[in-house]
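Letters are used for the chains, namely A, B, C and D, taken in the order the chains are written, and counting of residues starts over at 1 for each.
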Amino acid sequence: MKLYEYLAKEVLGKAGVPIPPGRVVDTPAEAKEAVAAIGPAALKAQVLVGGRGKAGGIKFAATPEEAPAVASQILGMDLKGYTVERLYAEAKLDIERELYVSVTTDRGAKRPFVMASSEGGVEIEDVDDAAIVRRHVDPRVGVLPYFGKEMAYDLGLDGTLAREFGALVEKLYGVYQEYDAELVEINPLAVAGGHLVAADARLNVDDSALYRHKGLPRVDEGTPIELKVRDLGLAFVELDGDIAIMANGAGMAMATLDAVQHFGGRPKNFLDAGGGASVEPTAEALGVLVSMNPRVIFVNIFGGITRCDDVAKAILQVRETRGIPVPLVVRLVGTNEQAGVELLAKAGISAYSEMAVAAKEAVRLAEEGR
Amino acid sequence: MKLYEYLAKEVLGKAGVPIPPGRVVDTPAEAKEAVAAIGPAALKAQVLVGGRGKAGGIKFAATPEEAPAVASQILGMDLKGYTVERLYAEAKLDIERELYVSVTTDRGAKRPFVMASSEGGVEIEDVDDAAIVRRHVDPRVGVLPYFGKEMAYDLGLDGTLAREFGALVEKLYGVYQEYDAELVEINPLAVAGGHLVAADARLNVDDSALYRHKGLPRVDEGTPIELKVRDLGLAFVELDGDIAIMANGAGMAMATLDAVQHFGGRPKNFLDAGGGASVEPTAEALGVLVSMNPRVIFVNIFGGITRCDDVAKAILQVRETRGIPVPLVVRLVGTNEQAGVELLAKAGISAYSEMAVAAKEAVRLAEEGR
Amino acid sequence: MAIMLTRHHKILVQGMTGNQGQFHTRQMRAYGSNVVGGISPGKGGTEVEGVPVFNSVRDAVRETGADASIVFVPAAFAKDAAFEALENGIRLLVMIPEHVPVQDSIAIVTRAEDLGATVIGPNTFGIISPGEGTKMGIMPNHIYKPGPVGVVARSGTLSYEIAFALTNAGLGQTTVLGMGGDPVVGQTFISVLHHFKSDPDTRAVVMVGEIGGRAEEEASLYLKELGKPVVAYLAGRASPPGKRMGHAGAIIERGVGTLDSKEKALTAAGARVVTMPWEVADAVREALR
Amino acid sequence: MAIMLTRHHKILVQGMTGNQGQFHTRQMRAYGSNVVGGISPGKGGTEVEGVPVFNSVRDAVRETGADASIVFVPAAFAKDAAFEALENGIRLLVMIPEHVPVQDSIAIVTRAEDLGATVIGPNTFGIISPGEGTKMGIMPNHIYKPGPVGVVARSGTLSYEIAFALTNAGLGQTTVLGMGGDPVVGQTFISVLHHFKSDPDTRAVVMVGEIGGRAEEEASLYLKELGKPVVAYLAGRASPPGKRMGHAGAIIERGVGTLDSKEKALTAAGARVVTMPWEVADAVREALR
């Protein structure tokens, strides 16, 4: 789960990370109050996409008087597909220099990972490798001030900045641990008035750990239909094609998209119906696919834990209750295969056993429908 | 630093340890309110000594009406040298069984240490060894629920109680770590209504770590003069003899008490003036000794980091400013010994070089003064 | 022969009295796995599927000499179960639960490293050694047969698809191992390949990878040392960046984890990378010639 | 010969630019200690007492090959300093600060154990090896001389008293080591005695103990294996229970740490326990006969 900048700043501020004065702004009138309170400020769109600045999502208001007009320009604007509903007014910093620092997990090393750069303010992927300092954290040791101080010296920082950087990395690692973060990022980490201050911040929390962070507000990211399917407990991603896809298992679902694309088709979604889903959730998932108005629905099942007869029952249930008004291609093999295939056959649906053949047929039907 | 029971309970309650409903009571009127709110309650004297119950520091009030009278019996009473100024009213438990559990540090093993007993409600030293289960914590691993559950099975607990005990030990260890505790103890750990609940609690915090627990109220334990000398940053303990003692270093101060006692004298205090104290604090410490009206003052210095001339100057300063109206025995050897001895000699004070001889002389003078 | 799991392992099932635990205990025993005990606090002394249930791993290890354990507890209790196993001497640990917090997984794998224990998962289908007639996992029993191919996969169902195709093509397996779909898991491709290298019966290895992370790229550096033919199928060719494709680990983030990068690295290291899952069996047959 | 610290150790001083650090750097160098660098963040590149100052232990180790470090930073920074030293390869660490939180000390000694490093302290006067002409500590230089007696003490000034008495009696020392007055410290009597056992030049050992804890009782179990005469002086005979006698560790709590218990254990194990500090030298002389 990604947190909005203002929420990330709140968490970091509580942890002792220096952040500029700021407050949330939902209306032009609040923008005026905010600038009156904190002085000249940046009004920043609170959306979960990068590159807000370039896209016009950050503007400055020098006086309370001009703040409402500036706020109005951003509030309600469309930013890379997201509507801006909230701003964060933050005291304008007199930035001398921009750095970068983040804590994340290095999957390969199975360890926390700190990355810092002497060049900040741009995406870290765009920074020259020579400007980046990387360091794994030994979870047996954690992060103490010397750790970040050593990184600071490697970045060419010295004196006060090195000391502040050491304290900062310790605190960021604390947040990473305490909040089960996938990413804690400060970019840019500004030098202002000779001191470090977090000018922008990202905090992404491990979805699997949300149950132990009941205090955090829930931020739902996704299209309306994505949110709906996820509420069913299923993994779902909306794409821009016309063949709706359901498979069991994340790998199988990805492979199914791949197969469809391989034969020239365009997947409309990713849907993992789960490794061992039973009739009801499978039917619900299928219902969602129907509601998306695809040209074709392609169900690809390798029955391991999933039982093929359960899948067949789910398909028939959806056809009876709400109807399936588009062509349906079913590939069904594995546990209870025969029972499932027979159930479908009785209802006039023929199931494929080869994934390749089924995928090709789904693509063919979609082309026919165009 | 020892916390009062009600403070310990507050900390434990926040950490998720089950505690009975309770509230602080400072007056008989408040006792009435408390019992009205929480029902039949134990009124417990908040003092930092064990064995309150036997000493009459815990009494029950069944109704709000009888509560003020019961409270009056305890408030203001003298309990092992402490005046009771505050009570804790706690809902009376219907106790089925009493257990014991604590987390502390095993110095020898250099590890946290969990101790539990199937017999609670008495001092753990008085419990039969066979009833006690002991277990070290590997700090690399910490305490997870299985740890306490295994201890619970060893205590003969089962089912719900074993599960609750596992969760409890995890939380107690969390408190031990988070609060830099020297001791977290629940005794008795009651079984009431089939569940575990902390009937009494002790929480002692490492004095050296108080700086990172600014939120904890400070509880000062000691005689007025002990508190005063400790404010000077010196280690001081008041004893019941008549020879006031100052030495540099804790070991030396202990050895000085031993020497005085060896020759038949009775030390009036323990005072470690520090391994490297300079003139001013040494003079202040000496001033306190004077104010205690001892029969003799015995200063025993082995100058390592401490400079003998500094000690001499401190002695002379105190004599000039406030006077030293009792016999003074000084033993002075080590760094700058000659300078120190000469300074004292000029002022008519002769210093000893042998600790044994000096101690014997201090004892002789004290006997003379009786 | 096989890797990591042999018929000699004495296996515990943590969370055996739950639905999943009970079902898979039955399946494992049907396959031949030597399940010697189950753990379910408060149910010690009972039996499930004819297997004794213990209150704690400690009791079970004491009574049965178990050295392996498979965990079927809810994600929130996975860390406790894993540490209970590791601290009581279990040295082969299969973690089935999904949605285990990554910080918990880091703690588990770090501790296992210190103790010299092997962790498979979390969020894995487990491990099966057909030639040894034993498994610790949730994979269907009938799709495997003994043979010369080692399979290591990130994903469950997809690996079933491929293992079944191998079996149908007459290509049996030494061991099939699921690394798990989470960002942090006990095994890496490299650690598993390293085991396959030492197993004389494994003559070719199939890697089933997917987008996300750099595990495949890192593995490519090991292929030369492996010295055995490798066929790789990678899922996620059609997946867009920035979207989590089911597995917590299957996401192309900030330019890392693209299929292109993985395919290039593996091909350059001499692996045969096939485009579609149904091409794996033929590629393996060729590799074994 | 000596234990733990020899003339070959290359020593860093962490917190060298502070008052205490500067003073004791001078004292150590005067005694002959091979101080190769000091650490003071932000002051790298300067010199103190002719010794180069570095920003970090890492830089200092890289430049000087230092393998030992003595820490003079305020207690709140002691853990950071200790880990900085240990993680950068320092394997002999002397921690001078007092009032280090016990949890920090547990973390430090646990980590040192894992790394095979030796920690002396915290709240110690350090270690001095007169025969090697080197020391890491705050003890006065002039009271020691080379000879056959090993001294291990919990307390500083008291050990000075006793070492000086030994020196005046013509009984020099191999090594004098301060364990530190805190409840949790890097060394135990046993770990130090173990070193004295292996040092052929150490012919007798003086233990300077005190009330609190069970370190002396535990040590008594080792005396047989030590195989060298031991003279013990224990401070705190006149101290009441429940009162902390200066040292955080010197307190008789709940029946543990009494002088009586220590004296009995040591005497039973064959040590000569003397009642007063001035009796130590004679007892050692007798023991060496």
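Operating definition for what follows: a residue touches a chain if its C-beta (ideal position, glycine included) is under 8 Å from a C-beta of that chain, and two chains touch if they have at least 3 such contacts.
As the structure is a prediction and not an experimental result, all values here were calculated from the model.
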Distance in touch steps, counted as few as possible, from chain C out to chain D: 2
Farthest chain (mean CA position) relative to chain D: A
Between chain A and chain D, centroid-to-centroid distance (C-alpha), Å: 55
Centre-of-Cα separation between chain B and chain A, whole angstrom: 53
Geometric centre distance via CA averages, chain C-chain A, whole Å: 27
Junction residues of chain A - those touching two or more other chains: 140
Junction residues of chain D, two or more chains touched: 114
Touch-based graph of the chains, sorted into line, ring, star, complete or other: ring
Pairs of chains in contact (touch as defined earlier), listed by label: A-C, A-D, B-C, B-D
Chain D-touching residues of chain A, taken from the complex the two chains share: 140-141, 144-146, 149-150, 153, 158-160, 162-163
Residues on chain D engaged by chain B in the complex (per definition of touch): 75-76, 98-107, 109-110, 114, 125, 138-140, 143, 153-161, 164, 181, 183-184, 188, 208, 210-211, 213-215, 218, 233, 235-240, 243-250, 254-255, 275-278
Residue numbers on chain A that touch chain C, as the complex places them: 105, 107-108, 110-112, 123-125, 139-140, 177, 180, 182, 206-209, 211-212, 235, 237, 239, 247-255, 257-262, 267, 270, 272, 275-276, 302-306, 333-335, 354-356
Chain C residues within the chain B interface of the complex: 41-42, 55-59, 77, 79-81, 83-84, 87, 111, 114
